[in-house]
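A, B, C, D, E and F are the chain letters, set down in written order, and residue numbers restart from 1 in every chain.
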């Protein structure tokens, strides 16, 4: 019900219980696509499984630790963005995914551009971090297009089913805004 | 950061910690106006006092018990609306206040019109209730203009400093929507 | 073990775990009678199901939010009374039920007469409220015999299986005591 | 409000918030008498100090860990009895105190006689224990008059301000009831 | 990973989750031996059952209520010791068990000798208590060899499946140290 | 009381409440040295301030999220090591500090060498991470001597009083053990 407007096509909706069906369907129709990089996909087997997850996200918001939004594009849920705050160091970490058939339209990049401005202006963050799997070239394109700096490689940073993936760490600082 | 758009001038913003200064100033510049009908006004003495209150509101959201929004009108916070759900009976109760110098412009009435539609459509509520102090004629005008039915008088329903106020109970049902 | 004596025949017993069998049997032998007006009846399937419910009632007592008592009449459990406090407004709401074969003896009315005096004297309540389903004429007889004033009708105030019931709201104020 | 009747003169009242003044006055007028054997006396400096203590006692009741009652004798609070359950072994431990000017009337002994019957019958306890300071001869008279068996001496069992007191341990078993 | 060294052969290891398999195997291979005196043995059916138990023990440590250690003897887990503190009276109670094939080597006695010194010196305890079933002569040998004083018999102090066992209570005071 | 032995001179002691004075004195006599890189130093003003901090560390242990140890060197507390687990990815992050007059003796390096072996063997970690301020060359010497690989620079990763410090990120993987 509550959203952050990115542009005429895109808005970021705070995830509430009334989204449980819609967000489950997004996951369910993109299982193969998402489980490549996300370990939790197989655990979500019905809309009911989303109820405690959505409560967890909103508890995070209430504790001011971060927030999770759905991306609505031309009326349809097409992805998610999660933000976690580390207040002591004024740092935020961003994660995201998008459905297979909405890739290639710049939806995440456009969304993050607006969202990052909010993180600097409204939440007084100083550092924004994005981590991408070293083998996930599409995902890396996003921080790169946004002008993030590649800081290094977090070796074996993510466990995926039967192996460890390296993660590329990108950051963007407040004083790098144009 | 997350809002529900009512029209070009009005939006309802989910209250987060970044609102603490702005919501305190709204209360602080309307103390005499608000303390007529609201017992908690004197307890809010600084923006810091809002921090646990805002957390309480967001905990309510996370538990799906209701939500609290600020009314932004042409860029400025001018009031608040709170909604509490009683899921067992699909009933919601609405409370509100507006700053003295924003009265008379239909801001609350317009906001509630959109909000009530959400409560029926998105939250599947069946009954919406509003209670107004019997001596607060301006407040009563709002449910009346919205087509609420006056159900009765809750005698001595609200304690205010040194006496009890009667409350008029209004309701609107899903099947009364036009 | 702890009770409030109403008269030689009636006492109100604070519900503890040692009542779990007895209170379950009261519900179990009155299922058809009770489920007309009470949605939770079908959920209580054994004495064990009462254990968390009794703990919930006693947690309420410990938090000073209200209390729940069994009505013992000539040695037998015949009904229940629950009281909820709203301390900010010094208001209490009372609910009750009685077994089918103990109806018509004035047991609830007599019990409430004593109980209400306690609510005014010991708990300093100012307003006592009772809500009865509009179709439950027997229940309405109780506040009416006790001199409660009918304040209005809470439309669609209670969801029951497949429809909404209107509720009649009655109240009695401290200054109306004779 | 809820009590267990011992005889025409004595009843045991479950301690609730409405007792906070009365129980504080009992302690306050017996400070010298009580602090001989009870370490917590000096911490209770006003009726308000009793509020969290009473909540703690009622939380104990709600968790079925025990209960705390005031002794009312001819209309006046004259003492307290506390019971703690150890369910795994069906054992209860009893503690008590009485005001100086109510000593010598058998009030505690008479109360415990009835209470112990409840502990066996209603709570299915098997073993009841009472511990008395070795130097508190008056206190020891109570289990002795009730037919408890002296089991031994718990050396240095209680810390009191600047030294340790030995405790005499008494017990009474279900099969010793006459 | 963290241990208290008793001598070259014996160390007491703070129980952590990485012990879950090893501690389960100790219990599992000693079921008949342990269930004679310990009621909980039958409830531990797999290493997974130990996970919440180990968390409970460490929560106890974090709250400073006591601690639970495994006894490692020449590289193998052979028993357990648990300590509970009663800070108000500077009293600690010790419980223990050892595997059948490690009995008779003085492992518990030697361990407790060092542990008791810690309880006096590091935790400033004044009284140490050990309770043994009256029929468990082997267990009684331990406090007796350590110079504990027999204080009395706690009649029917422990429920075991279908009967109550008497417990012998032993204690050792700080000023009895040689 | 519970420790992990590194060698004849060094042991790592799990921090418990009985360390509160000793750990406070370590901090208090190294304030200028420690506050260069640690923001929390000024908040610890007495041994009592350590009580909730130590409880927090032990709660972490109980939840299996990590642990905090004091370094004892020839009988004296000279530093601290903290470990945080990220179980999903089998990753541990290590932090440490040492008193000014114990620097240069290889105490941390030697301690971490043993500790890291534990993290791989006992906790099945796969990746160990250490972050050092870019200006803290002494600190960087430790992962470098231990064969950690420098992965990159976390820009503005730590807020310190009035500015942000860059952090150098080092890691060591299980398969890099010799």
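Rule of thumb we're sticking to: a contact is a pair of C-beta atoms (placed from the backbone, for glycine too) under 8 Å apart; a residue touches a chain by one contact, two chains touch by 3 or more.
Note that the coordinates shown come from a computational prediction; the quantities given were computed from them, not determined experimentally.
Asks: Spelling it out: a chain qualifies if it touches subunit A and also touches subunit B; which chains qualify?
Replies: Where subunit A and subunit B might share a partner, there is none at all.
Asks: Taking a step as a move to a touching chain, how many steps at least join subunit B to subunit E?
Replies: 3
Asks: Within the chain touch network, how many edges lie on the shortest path between subunit A and subunit F?
Replies: Graph distance in the chain contact network comes out at 1.
Asks: Roughly how big is the turn, in degrees to the nearest 5, that lines up subunit A with subunit E by CA atoms?
Replies: My answer is 120 degrees for the C-alpha fit.
Asks: Between copies subunit D and subunit E, are the contact residues mostly the same numbers or mostly different, with half as the line?
Replies: Same, since most residue numbers here occur in both copies.
Asks: Once you find the CA centre of subunit B and the CA centre of subunit F, what distance in Å lies between them?
Replies: For subunit B versus subunit F, the centre distance works out to 50 Å.
Asks: Averaged over CA atoms, how far is the centre of subunit A from the centre of subunit D? Could you give it in whole Å?
Replies: Comparing mean C-alpha positions, subunit D is 60 Å from subunit A.
Asks: By residue number and range, which residues of subunit D touch two or more other chains?
Replies: none
Asks: Flag every residue of subunit C that touches subunit D in the complex, lowest number first.
Replies: 1-5, 13-14, 16-18, 55, 58-59, 61-64, 69, 118, 122-123
Asks: Looking at the complex, which residues from subunit F come into contact with subunit A?
Replies: For subunit F paired with subunit A, touching residues are 39, 88-91, 126-127, 149, 151-159, 164, 169, 171, 173.
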